[in-house]
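Here it is, the structure in full.
A, B and C label the chains in the order they appear, each numbered from 1.
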Amino acid sequence: MARSVTQQRKAINTVAAWAVGLLIFFPILWTILTSFKTEAQAINDPPLFFFFDWTLENYAVVQERSDYMRFLWNSIAIAGGSTVLGIIIAIPAAWSMAFVPSKRTKDILLWMLSTKMLPAVGVLYPIYLIFIRLGMLDSRTGLIIVLMLCNLPIIVWMLYTYFKEIPGEILEAARMDGAGLKEEILYVLTPMAIPGIASTLLLNIILAWNEAFWTLNLTAAKAAPLTAFIASYSSPEGLFYAKLSAASTMAIAPILILGWFSQKQLVRGLTFGAVK
Amino acid sequence: MGRITLDKVTKSFGATEVIPPLDLTIEDGEFTVFVGPSGCGKSTLLRLIAGLEDVTSGQIRIDGQDATMTPPAKRGLAMVFQSYALYPHMSVRKNIAFPMKMAGIDEAEQNRRIESAAKALNLTDYLERKPGQLSGGQRQRVAIGRAIVREPAAFLFDEPLSNLDAALRVGMRMEISELHKKLATTMIYVTHDQVEAMTMADKIVVLRSGHIEQVGSPLELYHSPRNLFVAGFIGSPKMNFIEGSEAAKYDAHTVGIRPEHIAISDSGGAWSGVVGVSEHLGSDTFFHIHDTGLAETITVRADGEVGFRHGDRVSLTPRTDVMHRFDAQGLRITA
Amino acid sequence: MATQHSRSAARIMMAPAVILLLGWMLVPLTMTLLFSFKKYLPLRGGDLGWVGFDNYIRFVSSSAFWPSVQATLVIVGGVLAITVIFGVLLALLLDQPMWGQGIVRILVIAPFFVMPTVSALVWKNMFMDPVNGLFAHLWKAFGAEPISWLSEASMQSIILIVSWQWLPFATLILLTAIQSLDSEQLEAAEMDGASPLARFGYIILPHLGRAITVVVLIQTIFLLSIFAEIFVTTGGSFGTRTLTFLIFQRVLESQNVGLGSAGGVYAIILANIVAAFLMRIVGKNLDA
């Protein structure tokens, strides 16, 4: 809008928006602050904001008591593994749907999305049984497969919407230039779609990282990721606020940072291209 | 070598037939232009030759060999697309090298061909740039460069100039013609612009709704259009068509007379009318004449500046020796 | 727009994804359907044979069923109302020119990235705890009696927690939609003498219609199956047992798989009804 806004109005907007923004962010901020307090300071009345004895002790205790690194590694392996595997399976499928559409393409896409909408609880027990039968209960492999299947529809969809924006003529040019299917996908499509593939990767890592139904119900100790690590603090130990805060901060920090990077792509990815 | 033969080729998308059975031979070294209004099937025909679409029935032969089921990569043809279709993530050098890389040509030879193509196309200074940093004309040249280095049996051009501005288009037209003279390779060129067709082609194929209306050299098409469609499509401004009693005088259902074959004067001509809009181009002037009783408007081309004004009553003299006669089916009456 | 070669290649390349998802959908679904017609108690005798529609009837007629449907609807409806209304207001605010817009955006979007177990725990202990929570401190500071949030106002508390998680999502999508509005339309309306309120009602809100629908549908699908927030906070007590949670309890806590599976089938049907609407909208977008 080519219009000058008075400085006064801009100032009012700024104050209002920052106030609301900070209010929404406050629980996270408070958690981070508390993680640096002693337990006594954490429950102090009145609450202490910045003027307390900052300490890293809680982080050390949390790591020592519940082996944070093991959970972190499980989260990284499960979120990363399921997403990468999903992308490898989804790229050829998305190529097919974007560049060789048939009458059924739309139906297949919508059907894929509909599998995402099956309530997990409806199939919890069968999956549980299958996992026991296959010896995959509490294994990273099992969770990687389940989360990959959960997110595969979203991955296919996201890649499909990105691929659709690549002009088909360029792929045809590659074909005319003597490229086979493999070369076409490897040398032309994939490098051109890097931004789209990257944001698909990011968003799905976030989704898998925060997934809290399968990760809670299909793991016990060995393969438990950070969602389970945190859930273990819901027992009376959770009353140690400073330690709970330190554990929470450690669980969300990696993904919060990733998320901030990917926020621009988030809308398109999560609405399956319906809002751009 | 690049002799391309289409034998009873048809193409249907579902139930709609885009190309009815069609026969055509393109001789080696010929510059052939497919021209026609949009939706006439000219691009589809080119894509069938390229192998980017399957024919529904019939056969395509390249140098006598059946290529109907050969994938595009194996046909030995090169194509220049309307959008240039350059690989945006590769430098100009890599773009041009790509078909050679696919063909497994060794690097020394690749570089030799890239250098010579770049020199011929004035791209030497731009080899390390990405396509996004080039102007439209330069991109067009890269696309052509990518086609040349393969040393293909034939070049296919799909409306390659339609994304360029008018001045650049004239220049590129000449460069492509020049290239054809130099390489003497078969070229098939698709356009909707009859001026491009007339200026570049050895042979023009006029298409309408998948049918070939006429095949011939530019001047054949200009002098003896086979039907009303070709007569109206080739030549600018459009040929005037006159029906009714005036046409009957010449034993025809319709007579056609080109604007440049009518003389305009104050008096003494066979026809008369009132000057409507006149377009002054300096080199010549187009008059649109109304109230002739023959057709709604008659367009007349006069050399240079001629001083008639809007509303003037004028007299017209057609050159009956170059008048075209058509029967009730719209076909040319010969002799 | 393709040849036989590329079409058959396409079919092969699509196969892995399609087959995997088909298996992922059909195998457990078939098993759930089978179990739902059986008396199946893994810890008390295992498979005790077919029982017809008994489980379906028992699930619906149990005293817990209707309250759980009600709890589900109240949570979904409450969260939707809050996120959509505040989402629109927030999006309008963030669309205004200001200093530090990028940072505010980051602050607002942050809760979406917090894993549900963390947000539930943080809210439960550090804010809603009746002794040491921040709210308790706040209430005391104003001389009021602290409230035991998760037992006395359990529904409101859960709706608050879930809304906090989903408000960023709604805001971000609505903001994107507002920014795609052609500013000339608003200027034209202004020239036509429309007040700011009229411009919002006649131009902005209709433009947001589609985005709001998408927000509502996508959130509904996720909200119908919220789990961790309840698991961690109330454990399903104090009237917060949703349909999802009820099924979870039947299957894992009371180990009545047959009954739980019948519940699962109900949940699937419910989700499909919502999904059908979403598919329509997304499907329409595919053609455009």
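Observations on the structure shown:
Keep in mind that, in the parts below, a residue touches a chain if its C-beta (ideal position, glycine included) is under 8 Å from a C-beta of that chain, and two chains touch if they have at least 3 such contacts.
These numbers were taken from a predicted model, which means no experiment stands behind them.
Each step here moves to a touching chain, and the least such steps from chain A to chain B number 1. Taking the mean of all protein Cα atoms as the centre, the chain whose own Cα mean lies nearest is A. If you compare A-C with B-C, the chain pair joined by more contacting C-beta pairs is A-C. If you average the CA atoms of chain A and of chain B, the two centres end up 54 Å from each other. In this assembly, the C-alpha centroid of chain A lies 16 Å from the C-alpha centroid of chain C. Look at where the CA atoms of chain B average out and do the same for chain C: the two points lie 58 Å apart. Residue positions of chain B touching 2 or more other chains, listed in rising order: 51-52, 71-72.
Those residues of chain C in touch with two or more other chains are numbered 1-2.
Those residues of chain A in touch with two or more other chains do not exist in this structure. Chain A meets chain C in the complex at residues 1, 5, 9-10, 13-14, 16-18, 20-22, 24-25, 27-28, 30-31, 34, 43, 45-47, 89-90, 92-93, 95-97, 99-102, 106, 108-110, 112-127, 129-130, 149, 152-153, 156, 168, 181, 206, 209-210, 212-213, 216-217, 226-228, 230-231, 233-234, 238-239, 241, 244-245, 248, 251-252, 255-256, 258-260, 263, 266-267, 270-276. Within the complex, the chain C residues that touch chain B are 1-5. Every residue of chain B that touches chain C in the complex is listed here, in rising order: 51-54, 69, 71-72. In the complex of the two chains, the chain C residues touching chain A come out as 1-2, 6-7, 9-11, 13-14, 16-18, 20-21, 24-25, 27-29, 31-32, 35, 90, 93-94, 96-101, 103-127, 132, 134, 137, 140-141, 164, 167-169, 172-173, 176-177, 180, 183, 186-187, 210-211, 214, 218, 221, 224-225, 227-228, 231-232, 244, 247-248, 251-252, 257, 260-261, 263-265, 267-268, 270-272, 274-275, 278-279, 281-283, 285-287.
Here chain B touches chain A in the complex through residues 50-52, 71-74, 77-79, 81-83, 85-89, 98-99, 102-103, 146, 150, 156, going by the rule given at the top.
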